[in-house]
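Below are two complexes that have chain A in common, paired first with chain B and then with chain C.
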Partner chain A sequence: MDDILLYFAPFTIPFVVGTLFLFIAVGVKWVLWLMRLPRVDKLLIRRGIFTRQTLIAVWEVIRESLLHVRIFKHNPVLGYMHASLAFGWFLLIAVGWIETTVYLGADFVPLQGHVFFKYFAPHLALQEHYAVFEQLMDALLLIVLSGVMLAWFKRLRSKALGMRRTTKHVLFDRIALSALWFVFPARLVAESLTVAVYGGGGFLTGSIGGWLAEVVPADVLAMVYEPAWWFYSCALGVFFVAMPFSRYMHILTEIPLIFLRRWSLRPNKERRSYDNFEVEACSRCGICIDPCQLQADLGLNDTQSVYFLRDRRYNMLSLKIANNCLMCGRCEAKCPVGINLNTLRLNSRAKRRNIPHEGRYRYLQGIDRSSGMGKVGYFAGCMTSLTPAVQRSMERIFEAAGEEVWYADRDGGVCCGRPLMLSGETDAARKMMESNRALFRKHEITTLVTSCPICLKVFKEEYHLEGVEVLHHTEYIDRLIAEGRITPKSDNTAYTYHDPCELGRGCGIYDAPRRVIGAVGKLAEPKHTRRDALCCGSSLANTVINDGQQLRIAQRMTAELEATGCDTIVTACPLCNKAIARAATRPARDIAEIVAKNIE
Partner chain B sequence: MRNINFGYGISRPRVINMDNNDLRKSNAIIAEMPELQACIGCGSCTASCTAGNLTDFNFRKLHTSVRRGEYKGAYEELSKCMLCGKCRLVCPRGINTRGLVMLIKRKLGDF
Partner chain C sequence: MAYRVVIVGGGAAGMQTALELKSRGIEPIIVERDIELGGKARGWHKLFPSFTPAGDIMQPIAQRVKDEHIRCFYGQEVIGIASDGVTLRSEERIPADAVVVATGFTLFDAHRKQEYGYGLYDNVITSVDLERMMNGGRVTLTDGSEPKRIAILHCVGSRDEKVGQKHCSKVCCITGVKQAIELKQMFPTADVFNFYMDIRMFGPGYEELYREAQEKYNVHFVRGRISEAAETINKRIQIKAEDTLTGRPLRMTVDMLVLLVGMSANYDNPTLAASAGLPLAPNGYFKANDSFLGVVRSQQEGIFFAGTVTAPKSLADTLAEASLTASAVDQYLKNKYNAK
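Take a look at the complex of A and B:
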């Protein structure tokens, strides 16, 4: 049989060159990224590699990189599109490999021999059992083709796949995308023509080939047969060459990313080499576009995570795009690749002048305007000082519970540092954090209650307050009620609750506020709630949008809250409160206020 | 009773000769944030300021001077701002004051 199988034909050259290029380019990228990892990250890899996590990662690669289970859960049609392309193609390669091995034994066959098997071994069609492979390969090809059709359809009409918007692409994407669209139809044509000339074929290529043999004269068939294989090989070659520079790099990047993540590597406030894996793992699926209120409410179409990652990847990220994000986390919650979008956005803001000059914030030294005594500390936060009703309500609650409280900033204090951190000045922010931290230590508190979710998040993540329990006031009040230390009376007021981004998606606190509201009245949930809750638009993370734009976002989300028919809107963040209050037609209250009001 | 600092004070009378001031940077700042021209100088930003509560940092005075082309010391002074965002919430003209702090620092500093 060997005499009929010469694995070389000129048309295979584009494919072989493309494949080699792909392997080298991807190899170079991976090696560079891994080499540039800081020592701590390398240590994490060394610690993680021989643990169970590696096996879990293998399983996750199968689930996510091949089957795309998460996209499937988000949207079955879109999931099918990704899975049919990825898994279908994978099986085509795998079954193709088995096919060649079965018929040629375990002898070495060069890559193009596997891929263009039908060209090199058309006579196998006459062999026994071969029909099984023919049918199987045809079925797989059909599945992949259906995915390609969906992709075409998605370009034309994204709504059909449950997406309002689909991503705009860069040049390399267009090249790769066009090539990819042609790969499988070209394969179908080439194989069908081969069948038309030599016979055989499964239900798909067989029928098309048979039909071609009938209607097309034999000399024409012989003439277009070779060019058809050329076209298929070129489409593959072009795709492979464009791939490392296009969105399709995500196919190969997601695999190492899954492993690295299982070995507990994470992006950080400072840019690191690991970020490359996250940035290039973005498939530009565009799922993050629709949840973004900057898109939905303001019609901004260049700042969503998909564009931000694209710009960052190609080194064309502008300061404006980096800064124009609420960091609400709505997109991150939906991203099927699980990219840490907020952290990447944050570390893109780090400025060249991040290192503060020595004298910066020297005035913070020794500042202590605290008052009161007690093991429980209350840090109202800057924003709370603009909503004195919240502060008063908390004092009322502390008093009712008989709690001795140390007030950290009743007469003015130092900002928690998170706003400055959000603008990229992490090192300067640290000076503020140290000042507050020293204050907490000096007064030896064991519990720290704050009314501001922005402060809460930074206390939890950056302050390292070992031995001090950090609580949001909703958690604290929830605890007081559970322990029977306060017993607010319940009335029939209808409340609806707005989940502040920093409290909900930021700190994972969803239930405590709901229990507290349930204890004083009735709670109705708005359309978007919990992990899916909308942002109030006033987020400190965004320094680009103007007042009118903030207001528009607030109006849209407040309208949704009011659609529940509530009497009072409740939230648990002074900043959200302010944003809602100016857009609402009914009262907006902090949770502390409604509790304090209902204490005897 | 302790003296309550509302953030207001009396500045020494000064004469600004606009002909001597180089307004290029000021113009660039206003071009990027035209809403700054809507400032009525009410001083609410200064009154609510977290940093102003702890130091003599005066945001209104600062951005007004910068607008008039007086940049001396403005960058260093603005480094006292904590970017906490209270001023933005109280500004009756809805000026993006946090963005302004960053903008002025970017134009006057070297990043």
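Take a look at the complex of A and C:
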């Protein structure tokens, strides 16, 4: 009790109240989120907790929550800003605690005793070896302050830090942000004033304090000394109270998220309690804004992932925002926290999931319009049916390779279900998926080739076709060429390749199409390519933008393809193909077409 | 000395405007990109709604242009227009007291609707191809046999946002009815299906012809766009559509698919318009000064329009408008020079 009184001063109240509030608020959040996890997720935690994954998670927490290695890789200056604030602050707390322990022994010291140590123990300045701590703490403070400076500078001139646009913040964020901006300068002032009065201090607080002692009259120093500590405590208190409701909740949310992720928890088609960890782990850094073509090409400023997550977190998400996304995955590829942005967007749409009328899908029963025989199945997909040149080319290639093919949908078939899933109608989608899966099983295929990356993704992720190898036609053609089953001739045509989102970022297929194009001509890469490739704009995932806006995105992206000086634009998705064809001045061809054309 | 008016385009609108100006004592000069006059109407078989041979209308007009000794430049492309003359690709300038833009339209390229397989499947043709076949006297499948089942698809490249053609091309509905009747006259036992979104029978005698097609010729009309076409092994065309009146999907195999291609704005409209500082309508056509009394006037004094350069029109409307253009030009020249 004595100790508590010993380390009590009225100015510490805002800090103590703020800290207690923070612990309770965050604790309540975590407990509620964990309790509400469905049974499967709890099981995953129980299975994962005593494995190596937990240790890996600890290491990842150090790398990501303290050092911010991923942001460093994306942008070193931004990385330094985050690391100096997070790791610097952490070290200030840790070294401060060691400092307290060293000089006061292992006695219990209440929290405010560590944090305001300088106030409570100015006399230590006269002790031996204390200068080492003084210098160390000053160095750490300087590092944190440099991070704060960068943050200020970023607000004023975001371009200088490599970001064209930064996030527009909500009120709680602004309160917390302002408080955070003041915390460390306030600490510097309070400690310097203390040094000015009592002496001591490191290279930073010492010099400022010495200078203050010279120029400021002693009675004035004595007057402002206490208010300076009040101000520092208030800044901390306000920040801690605002934190659980602001973007700074990410600091504490990312830690459990890393553990849960290591224990294999993932967001899903349905909203689950786990989503809270992902949603609140968003720091609203705004790195997702610049890659968004809805921003760059159409000037839409309210629908990027950062705003979507913000709206969802504060329960003000409109269906329009949820739906206004191409789900191209460009932002997801850049998210430093690794949030599953597409899945969260998708399960936000699932809110309006409908229970389909029983009669509506009765036609699916026993439907089978397939033809041909063979262990290799070919599913063209709806969009390929609308680009019959692709289908013809595939038939030509199958014939040239002497492949026995079972054609799943040449005379009409059932949709793969992904367009319905993308619009949140998962139950209706399931009807189609079950119908197709039964069809594939019935014909006992071992390989399933599709020309449509949209179908490919759903076949791979949702169909659970154990024992059936699912291939995109680019992979299949690549294999035929490698095995020498077809030998297309090569000419000097200059091609450029557009990575379809669903094939590239969606399924990770980048090299097979490039090898195939290399086998028939020359390939030139556009400015944005592979994981960074642009979206064609015609994505089925977006039901908000209109045709003119789709066209504008296509034109911007096609201009980049044409800037390579190519003769022909090649892609591997029938939907992208249509989007490019109407925006381009040069012919747009599917990869299957250029191969079929070059087969003797 | 007679006033001089340059007319850009020697199609129906350009020729008729030239004749009307000549009769008013004004000297017209036609600049035609092609090597002969006549425009899109040349090579058309018969005209709706009266089945008059296109030549019966167009040939006398072309002959009169010749007889009246109207000066024509052939194979010359105009790249710049102004109220005091035009600039040719050869950089030659033809000065004038007024300019009439009568450059017409461009046919929608059916290849752009790849799902219908034009250029890919043998027996998918456009309405223009059909007219040419009828002009040649024989309509057959590529193997030389007669079609027994024919589908005519309306609105290919019209009212279709997906290809950036939001407007109605106006004349295709009645052309579809006319061609269906002609096909039934040629092949009385064949089934002819018209797939449409709306049937727009706006002109005199059109609605009557539409009824006649159904009652007398037993042409079938199905409300629903064809979504896709595929070729069967024996070169027939399998089409998928939705009959939106019964609300059911529909599959059908036909011998021939005729695509009623729409009218697109010319690709060089933006450059021409920019050269004169004139605005274009959102669909790419030139924008008339207003929709009532100024339909042949541009927003620049001394530049006038005639025919389909401002919007899709029938041949009858185009010829009628040419007289109006001539009258407006005449009035403009009188005001301009009397005021001096």
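Going forward, the second predicted complex is superposed on the first by the 591 of 600 C-alpha atoms of A that agree within 3 Å, B and C clash if a C-alpha of one lies under 4 Å from a C-alpha of the other, contacts with A are read in each partner's own complex, and residues count from 1 in each chain.
In the analysis below, contacts are C-beta pairs under 8 Å (C-beta built on N, C-alpha and C of every residue); 3 or more make two chains touch, one makes a residue touch a chain.
Just so it is clear, the structure is predicted and the values come from calculations on it, not from any experiment.
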Q) With chain A superposed, do chain B and chain C clash or fit? A) clash
Q) Once the shared chain is lined up, is A:388 touching chain B (first), chain C (second), both, or neither of them? A) second
Q: State whether A:435 touches chain B only (first), chain C only (second), both chains, or neither.
A: neither
Q) Which partner does A:415 reach: the first (chain B), the second (chain C), both, or neither? A) first
Q) If you stack the two complexes on chain A, which partner ends up touching A:581: first (chain B), second (chain C), both, or neither? A) second
(Q) Taking the superposition on A as described, I'd like to know which of chain B and chain C A:112 touches: first, second, both or neither. (A) neither
Q.
Quick check for you: in the superposed arrangement, does A:19 touch first (chain B), second (chain C), both or neither?
A. neither
Q: Please tell me which partner, chain B or chain C, touches more residues of chain A.
A: B
Q.
After the superposition on A, what does A:540 contact: first (chain B), second (chain C), both or neither?
A. first
(Q) Tell me the contact category for A:426 with respect to chain B and chain C: first, second, both or neither. (A) neither
Q. So which positions on chain A get touched by both chain B and chain C?
A. 385-386, 412, 547, 578
(Q) Under the stated contact criterion, what part of chain A meets chain C in this complex? (A) 385-389, 392, 410-412, 547, 551, 578, 581-582
Q: Using the touch definition up top, name the residues of chain C that touch chain A in the complex.
A: 112, 114-115, 117, 120-121, 161-164, 227-231, 238, 240, 251
Q: Would you mind writing out the residues of chain B in touch with chain A in their complex?
A: 35, 48, 50, 53-55, 79-80, 82-86, 89-90, 94-96, 98-99, 102, 109-111
Q: Enumerate the contact residues on chain A facing chain B in the complex.
A: 351-353, 356-357, 360-361, 363-364, 367, 382-383, 385-386, 412-415, 417, 419-420, 423, 425, 428, 432, 538, 540, 543-548, 575, 578
